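The following pair of complexes shares a single chain, subunit A, combined with subunit B in the former and subunit C in the latter.
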Partner chain A sequence: MSAYGLFLVSGLAVGALYALGGVGLVVLNRATGFLNFAHGAIGAMGAMTAWQMAAWAMPEPVVWGAAIGIGALLSLLFGRFVAPGLAHREPVVKAVATLGFAIALLGVMNLLWVTTPRRLSFTLDGLFITLGGIRITGTRMLAFGGGLAVVAGVTILLVTTRVGLMMRSLADNRPVAALLGTPVLRVETLAWGLSGALAGFTGLMFGGLVQLDPTLLTFMVIPVIAAAIVARLSSISVTFAAGLLIGVTESMLALYPPLAPFRSAAPFAVAIIALMWLQRGRRLTFAGED
Partner chain B sequence: MKKITMTLAGASGLLLLAAMSTQAQAAPSCGLNNGQAATGEPIKVGAIVGETGPDDFSSAADSAAAYFACVNANGGINGRPIEYIVEDDQWNPEVAVQVGTKLVRDDQVVALVGSGSFVEMSMNAKLYEADGVMSMASACAVSECFESRNIVSTNEGPLPSSVGAAQWAVANLGSQNVVCIGINIPSVGQYSCGWTEKYMTSKGLTGSSILLDLAAVDLNAAVLQAVASGADTVLVNLPAALAAGFLKTVEEQGLKENFKWISSTPLYDADIPGLLGPGWVDVMHVNIELTPIDGTGEDAVNWRAIMDAYAKPEDPRDTFSQSGYLSAKFFVEAMLELDPAAIDRATVTAAIKGIANKTSDLLCGPYYVGDAPTHMPNHANMMVKVVADGFEVVGECTDVDSAYLEPVRAAEQALGIGG
Partner chain C sequence: MSAPAPAPAMSASRPTPQLRWQSALPVVAIAAVAFVVPALASSLWLKVLTSVAIYALAVASIALLYRRLGLVSLAQIALMGFGGWVTLRLSYAWGMPFEVNMLAGGVLTACVGIVLAYPALRMRGLYLALVTLMAAGGFSILVNVIQFPNGGPGFTGFIVQSVGSMPRPALGQSDGAFFSYCVIVVALGFLLIHLHERGSPGRAWAFIRRSEAAAMSAGVNVTFYKIWGFALSGFLAGIAGGLLAGNLQHLDARSFPAAESVMLFALTIVGGAWGWLGAVIAAVLYRLLPAFLNDIGVSGNVAYIIFGVALMHAMATAPRGLAGQIEGAWKAIRNRGQS
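Then we have the complex of A and B:
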């Protein structure tokens, strides 16, 4: 395989992580209107809990379950006890509240786990297939396959189930959906739990495939948001595609030495270009958009 | 902001009792070593550490605090205790300036000893020079730390450590082409990897660099870049956590056997052999800026004894801890030469600049300060390799061969130090 092929495959593996994170953000935003800046911190807490379980020699299913379970629990706690109080506030107020939650979680993690190099390893790390000269480990395949499965699952949930219908109705017009009898709290709680579980899984993947560091994982939400922004926080499938595109772009830039040291900026460059493309031909007027 | 202000004289009695109960094997030795607690007017000494943030750079100040506690319990500075004020810059340049100004202008410290930071030195170097205060730092990582008139560090930083590792690999592993994997911060990654490239070129060999952001995600791409560089040797010049991620990716790709492996000091950490796993035993060679932490020399034994007696059990016993111990020791020795009634910032600064030809089994060469625009007294280092239960020395003390050191060697010649 050519160098381009190698970097493409490598980029898809990184992109799958961005995509997974982005899908979790979009699911929550569609149902609740929250842009959750704590998505990374919740994932970090899941990954650190998983590391702790592994350090205590717990079986691997428990380690995985702990990451996903802690993610869902933390998200549910915020969604059930804090978010309802902000339901009628502006999106920016909601977002800032989640930022506060992220910083609080980061503080707890720094308190519980002093700064030291750590590594998260899974049985799947030892399994691999070779594709054109590059090894794809089981964990990377899981991240990619998990991402595809999540996209398919969430799409089916939103399109074919009653809960999905209610989520979509809340996203389209929240006051009207509530008037029509949509059980807002129940639907939102489900969305928070689902998004939290996805955050836990994403944090576990990031922790295992990149670095296990609470601060790094907490702020990984920023490039992940770029993937969600490309999809305008609404389309699950576009978010997934955007995540993959960002990962591939970031990886491919390594082939161009002048830009290689700056390739971490790829998520934001892709998001800016995509947003400029998407708003082409539109103008703002005093009355609103054309 | 975390603020640790310790009036150590008050605690010295308790610490001494603790020391007596736990120390049968080695008695700590420090300062006047007379067993009498210092009760005079405290002398304020500061330190700035990057404790809260991506990494904890406070272990040098921990060991300096332990040394000062020992000194205060043993006669102080001719009867005057040291009041050691440690501030956390939180890896935030703005906070670094705030706490630097507080220590220098508000607290009126006579000097800073044992500082360890990624940002503090760059931000406060001009303040120290303008206010005539010296910083005897212990954990420096950025170029500004070694290129300032009023900062002198006991550790040697990433440049000599990286060049020293490459130099050893050329001599002992037959390396012809070294790729340096560094972090994308000009005063750290470009500074150290850049001079490693220059070293390789100066020997008619090949060197290149791959620079990663601290939050780099695409470690796979970095590994592929290393392959594309055509190097036969990879120099890992990364913080330990990022290095662990990079090396895990190398193992996943089955590329470990394709290269010879060397690293700068960050991988010299007691947790690293376990973290990397058995695959890196006898494979990874690490440069160390001071001598091994399990050394048997006088200072090596005394450093551990002082840590056991006066530091917290959880305080790290690492290279930066050794470095903090030495900074504090050399500072105290200089202070003891002064008239205790005439100790102020001017006399202390002059005393520190007068430090020359100090030796220790923790260092490969002499320590000195002098009055020069740059300071890098420590520029010789050793090599160890990762073994199953820790590290094993594979390269004895060797001076670093780099054109970067030409002004340093000129200053040494003027002071009559070295050859």
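Then we have the complex of A and C:
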């Protein structure tokens, strides 16, 4: 029981991170039509900045603020200077352009922080509660709780506020929304900033809970995309559930020896099955919306 | 190489003998590259240039899908890995000649390509790209568990401590000879693409790219030609994987992560997906530029920054890539010379 509980808890924590990342991707994709491959790189940049701040013995709130701030800033830079030029291209082109941003950021990070094993530790790591004989650290609880809070917050934002309404209208039909007077640039800028801040937070948590390595964090976006795909890049709550499912599956497979070595493939397997299931019964697609 | 040379419009006005001379040009150029370079390059650079040739074929297989069917494949390095695995496996199993193993690797990789084509029949654009990305992610984990064959027992053919290395082809034993071998095989691969584009598959692909609905109503078998495109692309990637296995004589599972497939696609766009020149440029950027930067004492990470910025630039302003810009400049110079 204890082993199951232990893996369940660690799976839920990592799953919450996949979910958080996925929610950031979905928010951005809904408002701007960009699938952001640089989400992981932005988060990694936030986490590395946080590590640097901690190495300079800054107080912890500054460390956290730096990660989230850098995330928002980088995302805004791309959203304000590169993204508008691509606004009318097809989704693949947009996604590939963000890939360029990811690769450039990765180069900058590897240049600034030479690869050595690093650790990111928070005060919360020392705090824990014991639940049914299982110790749960504060960081894991924060990852899970933060995930829930973000899902709730983003859902409220999208459903009840005027900005949320504008974001949804842009997601539904960009030309019509723009024609009706939606301030496209302002709404998009907000989406980029919000998504970047989420990326910063997610990167920080990944850095603390999994491993602090720029390359690893940058390409953590691939399993995160898997969680977002299950929700067809549009539903916040489904993304969250998919993230948790993927995290728990990946973690629990460690207890089943024949499949244990393959457990990191869980995100890809879940995503492919979900995609095929969502596309069932569809025949050839003709040009148009994907 | 079998270039879609700046030929058609100009050759019409030229006399026949010159046309013959022009069509012999690619063959001469390939022969020159294949046999002169090994004599000039040091052994270190020869290894780098061999991998440039090999990756040019992989890039060409990505570019083919992108340019002809508008499909984004983010799994090409994984397909190369698969082709390399089959080549190594067969080589250790039966000790057949390298060519047989490589072709078998290509054919089996083409089968994998056909499996990837299945989602492509229902999806397109971003979702298809994501399916291939997920497949690449799955492959990298799979291959890290089962490893590449190195002469061990059993189906996986892997043993922890082994000094086994796969024999190279009879015609390419030395590094220099293997470079020539690779250049010729890669040129044949380019020729295969060229023949397809000139023939009925090329016309069908062009029609599909323009409008699937119109192609279908005109009687083009859309399903068949899409699958055919994926099979051809997979075959070429598999051959490239076989060549890579031959170059290093063994393969390391860690060098086939999904991230590399993504990177190679990015460079395909930067180089230009519309012709053989773009494929060569992309491969040069992928393999030669980092080695060159390393040689002059600049961190390889600078290459990443350059790639990233170049990719954003290419997506925003230069859809035909560097090759398109070079060809445009060349055309402008020629036009000035003629007028």
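The working rule: the second predicted complex is superposed on the first by the 274 of 290 C-alpha atoms of A that agree within 3 Å, B and C clash if a C-alpha of one lies under 4 Å from a C-alpha of the other, contacts with A are read in each partner's own complex, and residues count from 1 in each chain.
Everything below uses one rule, namely that a residue touches a chain if its C-beta (ideal position, glycine included) is under 8 Å from a C-beta of that chain, and two chains touch if they have at least 3 such contacts.
Since we're looking at a predicted model, the values are computed, not measured.
Student: Between subunit B and subunit C, positioned on subunit A by superposition, is the outcome a clash or a fit?
Tutor: Overlaying the two structures gives a clash between subunit B and subunit C.
Student: Is A:Phe219 touching anything from subunit B or subunit C once the two structures are fitted on A? First, second, both or neither.
Tutor: Both partners, subunit B and subunit C.
Student: Name the contact category of A:Phe101: first (subunit B only), second (subunit C only), both, or neither.
Tutor: second
Student: Is A:Asn110 touching anything from subunit B or subunit C once the two structures are fitted on A? First, second, both or neither.
Tutor: Both partners, subunit B and subunit C.
Student: Pick one for A:Ala178: touches subunit B only (first), subunit C only (second), both, or neither.
Tutor: Touch status of A:Ala178: no partner.
Student: Let me test your reading of the model: by the given contact rule, A:Gly11 touches which partner, first (subunit B), second (subunit C), both or neither?
Tutor: A:Gly11 contacts subunit B only, not subunit C.
Student: Can A:Ser264 be said to touch subunit B (first), subunit C (second), both, or neither?
Tutor: Touch status of A:Ser264: both partners.
Student: With the two structures laid over each other on chain A, which partner does A:Arg119 touch: subunit B (first), subunit C (second), both, or neither?
Tutor: The answer is first: A:Arg119 touches subunit B but not subunit C.
Student: I'd like to know which partner A:Met58 touches here: subunit B for first, subunit C for second, both or neither.
Tutor: After superposition on chain A, A:Met58 lies in contact with neither partner.
Student: Which touches a greater number of subunit A residues, subunit B or subunit C?
Tutor: Comparing touch counts on subunit A for subunit B and subunit C gives C.
Student: Using the superposition on chain A described above, determine whether A:Leu127 touches subunit B (first), subunit C (second), both, or neither.
Tutor: neither
Student: Please write out, lowest number first, the residues of subunit A touched by both subunit B and subunit C across the two complexes.
Tutor: In subunit A, residues 110, 215, 219, 223, 261-262, 264 are touched by subunit B and also by subunit C.
Student: Flag every residue of subunit A that touches subunit C in the complex, lowest number first.
Tutor: 35, 37, 82, 85-86, 89-93, 95-97, 99-108, 110-111, 215, 218-219, 222-223, 225-226, 229, 261-262, 264-265, 267-269, 271-272, 275-276, 279, 282-287, 290
Student: Mind listing the subunit A positions that touch subunit B in their complex?
Tutor: 3, 6-7, 10-11, 13-14, 17, 110, 114-119, 121, 125, 128, 134-135, 137, 206, 210-213, 215-216, 219-220, 223, 247, 250-251, 254, 260-264
Student: Touching residues of subunit C toward subunit A in the complex: what are they?
Tutor: Touching subunit A from subunit C are residues 72, 119, 121-127, 129-131, 133-135, 137-138, 141-142, 145, 211-213, 216, 222-223, 257-259, 262-263, 265-266, 269, 299, 301-317.
Student: Give every residue of subunit B touching subunit A within the complex, in rising order.
Tutor: Answer in residue numbers: 52-56, 184, 210-222, 224-225, 228, 240-245, 248, 252-254, 269, 271-272, 275.
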